[in-house]
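The next part holds the structures, each set out as structure tokens.
One chain, chain A, appears in both complexes that follow, with chain B as partner in the first and chain C in the second.
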Partner chain A sequence: MPTVIFQLPDGTERKVTAASGTVLMQAAVSNGVQGIVAECGGNASCATCHVYVDADRSELVGGPNDVEDEMLDFTAAERRPTSRLSCQVELSDALDGLVVHVPEEQV
Partner chain B sequence: MSPLTTAAPGAPVVDLDLADLRRDPYPAYAELRRTAPLAWVPSVGRHLLTRYEDIVHAEKLPEVFSSREEGSLLLRTVGRNMLREDDPDHRRLRSAAEPPTRPRQVRDLWAGAFERTAHELLDKIADRGEADLIADFAEPLVAANLALVLGLRDASAEDIAGWSRAMMAGNSNYADDPDIWLRAEQATGAIEDAVARAAEAARREPDGSVISSMVHAAEPVELTEIQNNVKVIIGGGVNEPRDVFGVGAWALLNRPEVLDRVLAEPSSWKRVFEETARWVSPIGMYPRQLTQDYEIAGLTLPAGSRVALVIASGNRDESVFERADEFDLDRPHRPHLAFGGGPHFCMGAWVARHEVSAIAWPLIFDRLKGLRLADGATASDSDSAAGRMDGWVFRGPTSLNVTWHAAQAA
Partner chain C sequence: MSTGTTRTAGVVVVGGGQAGFSVASTLRACGYDGPVTVFAAEPHLPYQRPPLSKKAHTEPDELRVSLVPESFYAERDIELRLGDDVVALDPAARTVRTRAGRRVPYAHLVLATGARNRPLPVPGADLAGVHALRSLDDALAVGRALATARDVVVVGGGFIGLELAQVARARGARVTVVELADRLLSRAVSPQLQEHLRQRHEESGVRVLTGTAVQRIEGTDRVRQVVTSAGILPADLVVYGIGAVPRDELARDAGLAVDDGVLVDEQLRSVTDPRVSAVGDCARHPHPHAVGPVRLESVQNATDQGALVGRRLAGQPARYENLPWFWSDQGAVKLQIAGLRAPSDEVRLVPGDTPGRLAAYAFRDGRLVAVETLDWPAEHLAARRLLERRTPVLADELTGTTLGGLARARRAAEVRA
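Presenting the complex of A and B:
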């Protein structure tokens, strides 16, 4: 069961444990992590589940898929090289301890 | 699961007059949120769910709060369609239709034409010095844009707007008026013909439109499915962006100091869009039907119960939005519910955002110098010479009469 750390814009941290295969957005939402809005429920159509993956794990997490890449151009907070839509990131044991940063705004 | 058309045991029964709701639903919603956040309303034939948190909760459980509501007016008007389906059928249809409405497609494929159409419409009225910004500008603009995105090349803006109006009337025909049904049937018949022709053309020559995308979808979509889904899109695709445009323009024209700030800082048009959609949501509510017994808002609803998620009310919930009745661009960012949530998140969201906040609003204020509401309108008027706000299932100004300095218009 990988653990993920969400760093919130106010500086606080939320540690969340979820089964391998769980989508990162789902792990956030079912644990009530503030700032992951996820309006479209994980269908890559709203761009409100944006996160910045911590730089040192970014390669392991990988880059966005095509639809996601398009949506990332339209997030409320600026897009960065490590930007992902959390609904498109699947957790695995290899990602245990992953740190992601929640942006200031999603809408 | 057959729909239950009575109150769940223990549910408070609240009589609401539909005419009152159309005029101004917000006082009734405030009372419901306070005293009966889940109430059976006989005139609507559903339980109204009115608090923000409960609505969000329901939206996130599509397997309990099913979109397959039997006997819904929308099904009667347009036939089976993705709005009233659950996954996987909903998913198949949505994936087929969605690519042309994604934001990059909007920017790269459609934005140029949207802008040209807006200029053409303004060219027609610029010298007049007065207009109804709904009938003379917003409605023809969004209707023409929609024809383009859908791929209905033979349909005029008037066709699209007329069809939309007729179907919308059917879709909110709670009074069961036979004339309204007849007009809706004529409109849907005309759409079926137009879609059949467009689908045929797109089969030979793909054009990036919604119809084309559905014709060439990886998972096959039948012609009837394309027709019915285009009907639904025409319904929402006209009145929602038109109404957001109208409400936002209304709000700014009533608040000159806010308008000045926005004009000085064009990036804030996005905020105007989101706050407008929160303040007066163009879609006020949508129905769901329970697939199992479920407890929400302190009551257990039996399977088959009909529920309306009243997003217009959730968007005015004081526990989430301070001074929720006020239009305030500076309020802390909290997600509004105007686009709905979960798998049915509004497919037209990116089209509407672009055509309204990047094109329609900036252009009218740029080209129609000295734009103001026609005489007699004041900040609190919802019924004045400038126009009237109307509706609860769908809500927006039915007209927006304005004047400007014609001589200086570009």
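Presenting the complex of A and C:
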């Protein structure tokens, strides 16, 4: 079971463990991680589950899919090279220890 | 907390749905440290309703609808009273009375009671196999019925009916949607989009009967057929979604002003009593984008109104002016709406950059006021960004470009400036 660390805008950290195959957004929401709003429940329609993947793992996580890529242009917080919609990132054992940063705003 | 001492009165929220949850969580996020109590009639942790009509449900866990885990409430000292409903308000004494007869005092009361389905007013609507769809328990019952249903009749061609029709289709049933009006989603989306939606549903094998009235439902032990103005339809499952009415009777009985929803001001306070607020499906409120007071049934409205009241009670008052937006996933079709369209607005249909994508821009006096999109989330998000800004979008600016294009161009100009 991979563990993911969410770094919140106020500097605090939340460590969350989830089964392989869970999407990152779901891991955050079911553990009550603040700042992952996920209004559309993971259907790639709202862009309120935006995260910045930590630079060292960014390559392993991979880039956005086509629809996600377009949507990332309109997130509430600025888009960065490592921006992803967390509902489109599937967790696997290879991602154990992943660090992601939660942006200041989602809506 | 010690027993025997009464805690000082704090915020009492009636209704543990999307809006009630938003009030309570925002209060704590904004540092409010008085007592917060949420009365929730249903036995489940506060949950989201949208998945109920969009997924094939059989197990509550598969739906994963809870907004947050149970520990969230304890960690924030939010007293969540599940299965405990409020049966009366006493605004003069500032108390509520619960079903068990308990009287609970409040400093401020928030009504977040939501809406209930309009009942289907035909003979046979009480037969086994006929379901409404609003609660988690409804969805689980429909999910179980879908496991064996072969002929499904959906009464009502609105959002919930069309979403459920696709769920039933995906589970292999024959599905007919019966709609009284001449078009699907007749009030909710522009006429230009209604035809496209109908086509998409028919392509997926759903039969659509518009301009058709359900007259009665027949069967002995359980539903067997539906008699309509266009003939008899065999049915082993009937699901209806013909609109909802606000649950505003507590307010009305307590003498608060009500008119198809609890009447509130621009800060979402009852127009009769400033110590009472109403949020979500049960509230009728003024909105800068609307002509008269509106009552909106959407997650965005419930969440944002709850947050506004939570912030206000924590000392940060504001007017409610959030841009309304909505989505509906109907099988493979993703419909999204930003802004409020009025029937008199002028609508321009714009094809997307890939097949299947479509946008409808609605203009009032030459300014963009609302945007409906099919399968085009990026355009929807661009619409939200542009409509939220105070700088208007003029019809002329949208010749030969999309909202996405315009949003990018404006941002680039801002960066240069």
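Simple rule for what comes next: the second predicted complex is superposed on the first by the 107 of 107 C-alpha atoms of A that agree within 3 Å, B and C clash if a C-alpha of one lies under 4 Å from a C-alpha of the other, contacts with A are read in each partner's own complex, and residues count from 1 in each chain.
Note that in this section a residue touches a chain if its C-beta (ideal position, glycine included) is under 8 Å from a C-beta of that chain, and two chains touch if they have at least 3 such contacts.
Please read these numbers as outputs of a predicted model, since none were measured by experiment.
Undergrad: After lining both complexes up on chain A, report clash or fit for chain B versus chain C.
TA: Pair status: clash.
Undergrad: Of the two partner chains, chain B (first) and chain C (second), which one does A:Gln106 touch, if any: first, second, both, or neither?
TA: first
Undergrad: Now for A:Asn31: first (chain B), second (chain C), both, or neither, which partner does it touch?
TA: second
Undergrad: State whether A:Glu39 touches chain B only (first), chain C only (second), both chains, or neither.
TA: So A:Glu39 meets both chain B and chain C here.
Undergrad: Give one of first, second, both or neither to describe whether A:Glu70 is in contact with chain B, with chain C, with both, or with none.
TA: In the superposition, A:Glu70 touches chain B and chain C alike.
Undergrad: Could you say whether A:Ser20 touches chain B, chain C, both of them, or neither, answering first, second, both or neither?
TA: In the superposition, A:Ser20 contacts neither chain B nor chain C.
Undergrad: Considering only the contact definition stated at the top, list the common interface residues of chain A for chain B and chain C.
TA: The overlap between the chain B and chain C interfaces on chain A comprises residues 29, 39-41, 43, 45-47, 67, 70-71, 73-74.
Undergrad: Under the touch definition given earlier, write down the residues of chain A that touch chain C in their complex.
TA: For this pair, the touching residues of chain A are 26, 29-32, 34, 39-41, 43-47, 67, 70-71, 73-75.
Undergrad: Touching chain A in the complex: which residues of chain C?
TA: By the definition above, chain C touches chain A via 29, 48, 50-51, 64, 66, 68-69, 71-72, 75, 299-300, 303, 327, 329, 334, 336, 377-378, 380-382, 384-385, 404, 407-408.
Undergrad: Under the definition above, what is the set of chain A residues touching chain B in their complex?
TA: Against chain B, chain A makes touches at 29, 37, 39-41, 43, 45-48, 67, 70-71, 73-74, 105-107.
Undergrad: Quick one: in the complex, what on chain B touches chain A?
TA: Touching chain A from chain B are residues 59-60, 62, 94, 98, 102-104, 274, 333, 335-336, 339, 341-343, 345, 347, 349-350.
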